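Next come two complexes built around chain A: one with chain B, the other with chain C.
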Partner chain A sequence: MTSAKHGYRLAAGGVIDRQRAVSFSYNGDHLRGYAGDTLASALIANGVGVIGRSFKYHRPRGFYGTGMEDPNSMLAVRDAYGFEPAIRAGQVRLSEGLEACSVTGWPSPEFDVAAIAQLASNVLGAGFYYKTMMWPNWRLFEPFIRRSTGFGRLDSAISRREMHHRHEVADVLVIGGGPAGLTAARQLAHSGLKIVLVDDQPRLGGALLWEAVSFDGVPASEWVDRTVDALKADANVTILTSTMATAAYEDNAFTLVEQRADEHGVRAEHHWKLRAANVVLATGMVDRPLLFADNDRPGIMLGSSVRRLIGEFGVAPADRLTVYTNNDSGYLTAIAARKAGIDVPVLVDTRPQGQAIHAAAAEQSGVRCVFDSQIEGTSGYKHLKAVTVRGSSTVESIRCSGLAVSGGWTPLIQLAGHRGVKPVYQERESMFVVRAAPPGWHVIGGAAGSLHLTTTLAQARAAASAIGSDRGVPMEQGADVSVDCMSYGSISPQWIPDCGARSRMWVDFQNDVKVSDLDLAARENYVSVEHLKRYTTLGMGTDQGRTSNINGLAVMAGLTDRTINAVGTTTFRPPYSAVRMGTIANRRDGDLHQPRRYLPAHAIHEKLGGVLEDFGWERPDWYRSNGADRESAVEAEMVAVRNHVGVFDGSSLGKIEVTGPDAGLFLSRFYVSNMATLKPGGVRYSVMLKEDGVIFDDGVVACLGPNHFLAGPTSGNAEAVAGWFEQWRQTEWPTMRVAVAPVTANWASIAIAGPCARDLLARLEPDFDISPEVFRHMQVREGHVAGVPARVARVSFTGELQYEVSVPSRYAASLLNTLLERGSGLTPRAVGMEAWLRLRLEKGYIHLGSDTNGRTTPLDIGMGGIVAKRKDDFLGKRSLSLAFATSEEREQLVGVEAIGGTLQAGGRILASGHERTPCPSEGYITSACFSPSLGKSIGLALVVRGNERKGETVSVFSDGSIIRCRLTSPTFYDAENKRLNT
Partner chain B sequence: MIVIRCPYCNEQRTEEELSYGGEANIVRAIEPDTLSDTEWTDYLFMRNNPKGLLQEQWCCAAGCGQWFKIERHTVTHEITEVIRFDQQFSCKKDS
Partner chain C sequence: MRLEAQTVFGTSLDPAVPGAIFTSPSATLRERSDIGCILLSAAIDGNGILDAAGEAVGVELPATAGAYKTQEARFALMLSPRSWIVQCNIDEETALVGRVNATFADRTINASRFSDYLCWFELCGPDGTLLLKEGGFLSLERDGFRVGHAKRTLIAKVTAVLIRLDDQAWLIGIERSRARYFADWLISCACLDR
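And now, the complex of A and B:
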């Protein structure tokens, strides 16, 4: 693959470390580069020409740029720490043992079978899939199209990269460590301001690393080193290299992605959130392509990229390089190439003349310059062989293996765009710039469109001074440095050449959008820049149109007789460059996704063989000590509760103390039932609503004393209900004499349920009377149980006699142990969540969120009577008389019994008169289980007009089959409540 | 990112530490039963959505837990006033 006509390493030059060779592989071939190389520079130095294939036509493509502007060099890359499924070669620093693979082209980018698509290019124009493939049916073509598009390879291997979230607040954020950013940071340093300087490259200096510049007579690199040393001497300056500012948000908040690399690859990644009072945007600019026929051949590259390859990496992209330009920076490329010993047969300038000083310098280094000329076409399939140059009266063919193009400059102002800035087109420099920067921002240097280094430095000093006086810190006046370099000069753009086929002029290399596609879009009136983008896919590739957008919209402006400014740019949205989802998720994965909440008696549950599940808390779903598998254990646990006694840990249940003279009145405003009439020792079950009348939570409220209540919201809503109480207390009823204190975690609650529950409780020797005629259902007692302070509520979720014993959390384990130890003869069993929920289902009690949904009101679950009795107001009450709540067609809670078959939660009830799907549905099964007590499959359901349909037989579509069911009352077990009142 | 200094605990809090409570000054009627359906549903659902200044309520959720009010520009996110819940906006604007 290596041959001199492709790229090669120069004998000298660059800032790479030629003492440190680095070996890596590309598609299995073992290659070598140097420390300081990017993967792109190392591949070019090794003579790799075709790096990928284009998206649509599978045209061979080479390196077009050296950084993130390159549309072509997407590769899958693995280093010692992780894997990138698709990343530009120019964004990867070479590390020892790195493996890179093509992600486009099959079997290889060099030889790609699908390149046959080019033969069909006539029918693959813009929007072809909306048109060509509509007949006979798009679905016929879809599988083929899907297979042939997209790229990137997934790898399920877990990344070993260390991930961290970092948060920082700074006085000044300087984005870009080139001459502009360095100068601004240097001047602000040692002023006491906290400064963060970020640059996406591992080494500061920006274009100074490769452009021919000297400062006060010394090479720019020395000036960079001195400046960086001065910055490092200030402890208030943080320098983040290899760090991309990915997004800008309001209040000058930014996200940054910092990569920390060692010789084996990217070892760690830090995702920063940073806020700054002032921002210096010094992100520079990027070269633009020129449009001409067959401008996409491998070997054609941006001029600035050629200079960077030579200057930073000591790599020549070709041995014979033609230069094509419409501005003076092309001359810099020709001169740099000549200095590196590359043959430059001709510099083609579209303008009648170049700036005198540039032209003279080029000719002095032996470059022939031709003016008023254009490239009409190129030849060479997998690598450039020659270009055809058409002058005003001549046509000549120039043999060359490389072509450097420069179509003008595009300032990198995407971050300002994230803040809503609309870029404005500046005719003279042919570029979009920021006119009105966001508050606190200073846009300087290339990002501000500066084409002269002296202007850039002056802008940087001015920005620093402005920030200094803004912030009231004294600032020494930075000394003027004398700079010796050539400017980027002037430009006169010619967007489309007069010669060459428009159907062979590529605007977007990655997505294969050609000038002819823009012609088509204009003809079909997709002339808005946003429509143009979607219709043609211009700028929709992974490079987000960094090189293509301006050319595309300039062509559209010409086609529709508008100014470029009137066409405008598409909207820039975060992120500026691709950020992996894993970087954003960062460490919030697996065990670190969110904190696990453990019951206070967790160790006992583990000892009992509790199979833990995450219900917001880690709770036992069932216990291995009760059966070999889930079903048999759950049944044993249910039977224990029904026949003798079960012990259930309900510590996660919400507990909110509400105290004060107005506590009862306060609670009454939330619950459907009147809590103000609750006497000390009493307990009441109810639901609470949001103002729209929909059930928000349910639970019991216990009255512990005259001004002292304990509300028991569901486990899942414990925090939300406490917040809801507090919001109303503060915002609407600030004069009520009431205090709200969430105490969920302070108390452990163990429920004892079953016919023997009282006997078991008695063995704990409570210091209060628990005889049935004294301590009745729906009552609460405070005292001591097993010698520790306890609150015992006699409430039932299972339909059996049941006590909930609450003790301070630290006694949870000993209470649970004591219950199981002292229960000999009563055979108490630990009961898990599943058995508990099935027991309440047999009883027909609702499980909030399962048997209620975002529309369910108390009227739908049989609480209409309680609502009707309430004379005073409560939250949501007014909504219950709105038409939606009183409608005849409400889904109401009913019981369901299967007549043969097994019910499953989620099963849909078919509308009356329908026996087959698809058909309308009249509700669904909200909970279901097999009931050991009843010996059949039962469930609860929300069914349209359910209340009046009890006894009716319906069909239920359940997991693919249709079963017959009878609608019943929701209460399947002990409808007379004899058992819980025992 | 929105950053607000809580008028109660006097700490600077970022958006992530606060919770948003929607438009401020939506007053609940003392006797909702006396309202027409339209008046009640207006109270429930109708909110101002200006392109400009909006008075809203926030809670210092990860801080002191207090509710307070601010006036915020919905386009720029500039916060022009922060007051305790029992205070009145100095208010050029009545939204």
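And now, the complex of A and C:
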């Protein structure tokens, strides 16, 4: 054996590139592998045995599989492009300079201090943490439990991996590039159908890369190459290698993650969203473990993984390998090992000799086979040293460093499960299969439970023909090929062995779930497969039970005298394999995280020193040009509005044109006020409600002309209100003659407010009369301003004389500039959001979302009179008559003046009679500011029975202290409305 | 006195001077500030009004989703069974709105100014389609988004009006306030190594 390998690398064989050595490191040790290796194969080739520790008992763990079925080999990996906190070694292709390190075991997987937990294994059974650590308090133990959980290491390095998103539509998606998938794709090719073939490996061929197979007398590798060449010749075929189909959704929508790697690592990931008319599921199957005492020792491995290591990577997993099987594929493992020069002292078959169809071939290659036998136990701790074989009348100990096990096969049908398919147990092959595939799907090959390659190829051709005839396209008739390979034969399952301690038989290697744990769960009546999973943590690790679930539920079936079908499987949910959050996020970070919305005069705001904040739109909160700091600038802006004129960009305010013969009636059904009576040129303020009577939005509606209205919802709700209108128009009132046209972004709206607002507007040379007698408060005009089309509304949010001048957005910058530059003598000042909101607070106008919450109705904000006047119906009206809306205990909007101290939004109003916290609360401060006009701290508040408590003194808990306040009318400024009507 | 017009990206309003926002060997993104448009919204169903509306705007209004119609300088595409965008020269917007609203005085069909609502981008080059596909499904149809078709869809979380001019050229209308984000997003895609 020593002459046949270098380390554990075989002298020949495999599809690796032995001319290209690749350097990498593992836990700081510098090692070498070859291009084409996975990290797992390279580590095994370098003699690494213990790769990690189990979760609960910290038992040493070795490689159990070579791909994503491996429950043991989670590592942290860094390549030239990024860092993976936890990934299976079998899923990482070796790249130059790659650094891998363990994520379990301290200080190392070889020597783990926490392994002392094994001494307490008798008291750490299933669900022990549900039963223990209750006293004195779970919180006492929680930090320790949390620290000990998790597989992975975090790293703050920024990934250099490029992320792409792709969206495609195909006729056929073929998942799996093994013999089944390749045959189906080859037959469908050149038919004109758009075909996407995906495989999670960088090289197509699947098991043909390592199994001993020939087609028509030529090695399988040549058949694979020829088939791939034929596929590449069809421009309608897209081949995606290194691509994992991670999820299947309705309408045959899939997500795929494609890795694009170079010699330095994974350079980019492409996250595909693909929709296909037909699907060929050819994902194959994986080996299952066998249960026996101490079946978790490093050196024990799945039989198919052993064959893959030898055939694809030219690596020997051990120098002396015992094989344990309950089916005929174990013989393939023994023969492959012998051919590679590995010593195989014995093959242990649980079945009688008569069932073993390859026994003669194995014995011919020098393998001693024993039948009707079981492995009773193993010895060794960090490395397997020997196995004990119990025959019908003999017990013998076999020295070996490796054990290949094969307990049957598990088809990889999780993607079908994502579509709601419930797998059905097939007794003859002892596996769960898909009986009723989703519409348009064809499950073939190993995924369909086929154990014979000839059957697999026939299924593939049949699936392709069915798709072709379904799609009505001509198709090349694939010729039958002569297949020469050893069949996987048949299986006689043995779920619970006759010998060995159940407390030493591992079902889930990652989470340390043993047969005895399942026994306990059964005794405690956790017999539902979903309860079993959660109680014992079976299959809840990062491997999601790929190797453990079937054994676990079969054991449960045996323990509860049920059939395996009756126990069933747990639910398969997306994703099939872990997907990086960064891959999903793509470039949606930083400025591209969410679509940012910019005002049409954005550049001018920046030029004026506007401090921009995200209010749904990027809007200036205040202007540096008005003050050195926020408070002084805001005060200057407020003073400007109160004393001369301020200029405010309100372009983000919603604008929805509602037109048609029924437009007024239509709007009236949404607003508390009757908009049908609004005359051309008129403007009305109101609120609109959802069906529950709670305020949804507020704003003004202008009547621009007959059958032509302009609704002005709030900035944040503009699109939601348009959608709300459209929803009701289409679903409830389809016969109303009305059209809804959102035009917010088309118009820039600049508000000018203050005693000099009219003078400033006059300087824009409007072509209509703006004299106070003609153009009154709550009116609108259409015409031209500064030579361009404009809509001017005389409305006020500040309590001052105010005009909102709307012009097409392309003129926004020019309008803003002109207003600020042409106002000489009027000293106009740009006003930001904060000052604007404080001005309206002085006036007592609500700010939706601040002064209202998810319970506020119009009755709570002083609009009860308007509601009472409405005779006809509007949305939410009925709810306003229900007890919850008319209760005397409701919170109502009032003003608040601080008697001492400073009010802050969010301050809680203490219940009457309470002067200290904690105590009941009777409401809260919704908005607050210091009013320069009034010289005191004021606010609005929602207070229980607020309307009848005006004048009352209350205590408010705010920012850690309690201050005394007086409840008042919400209107602090110009209660007679003289200024806005001036 | 007349205010000065300014495009979203500050490019010239003169169509003879197209300003490129981004250029690479595989894709070029330009702002098409010369394109104006109006939005037609119908208050009632029925093909009967389409002819009259088409006559008013000078181009037949398409009655099926995805299709667009052109006639001289006019271009019409269907947004929904009751709404259409009609492209025109930006200087014609006012006259076109006036003509429609005079034809339909009861506002059975209403024309709204829309030139400033959408920022029109022209995306050209071999990678143009690939860039758009980074942001979403352009079409769920088997034949994809064919040349000569138009639709409204979501790209990069933003509503976009897409018009496929030819194999390597797209006209994309993005709501004005989100246009800068969209351009930044598209440029970030274009900068990726393919």
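As a working rule, the second predicted complex is superposed on the first by the 939 of 982 C-alpha atoms of A that agree within 3 Å, B and C clash if a C-alpha of one lies under 4 Å from a C-alpha of the other, contacts with A are read in each partner's own complex, and residues count from 1 in each chain.
Everything below uses one rule, namely that contacts are C-beta pairs under 8 Å (C-beta built on N, C-alpha and C of every residue); 3 or more make two chains touch, one makes a residue touch a chain.
Model, not experiment: these values are computed from the prediction.
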Chain B versus chain C as contact partner of A:S879, first or second or both or neither: first
Partner chain(s) touched by A:V894 [first = chain B, second = chain C, both, neither]: neither
Partner, of chain C and chain B, that touches more residues belonging to chain A: C
Which superposed partner A:R597 touches (first chain B, second chain C, both, neither): second
Which superposed partner A:E657 touches (first chain B, second chain C, both, neither): second
Chain B versus chain C as contact partner of A:Y249, first or second or both or neither: first
Touched partner set for A:L173, first chain B, second chain C, both or neither: neither
Touched partner set for A:R275, first chain B, second chain C, both or neither: both
Doubly contacted chain A residues - partners chain C and chain B: 273, 275
Contacting residues of chain C [partner chain A, same complex]: 1-8, 10, 39, 41-44, 82-83, 94, 105-110, 112-118, 133-142, 144, 156-158, 175-178, 180-182, 184-185, 188-189, 192-193
Residue ranges of chain B in contact with chain A within the complex: 1-3, 14, 21, 28, 31-33, 35, 37, 40-41, 43-44, 57, 59, 61, 65-67, 75-77, 85-86
Parts of chain A lying in touch with chain C, wherever the complex brings them together: 162, 164-169, 171, 194, 267-268, 273, 275, 277, 586-588, 591-592, 594-600, 602-603, 617, 652, 657, 659-663, 706-708, 737-741, 743-748, 764-765, 786-789, 807-815, 818
Chain A - residues contacting chain B, complex: 249-251, 253, 273, 275, 420, 439, 691-692, 723, 726-727, 730-732, 734, 873, 877-879, 882-883
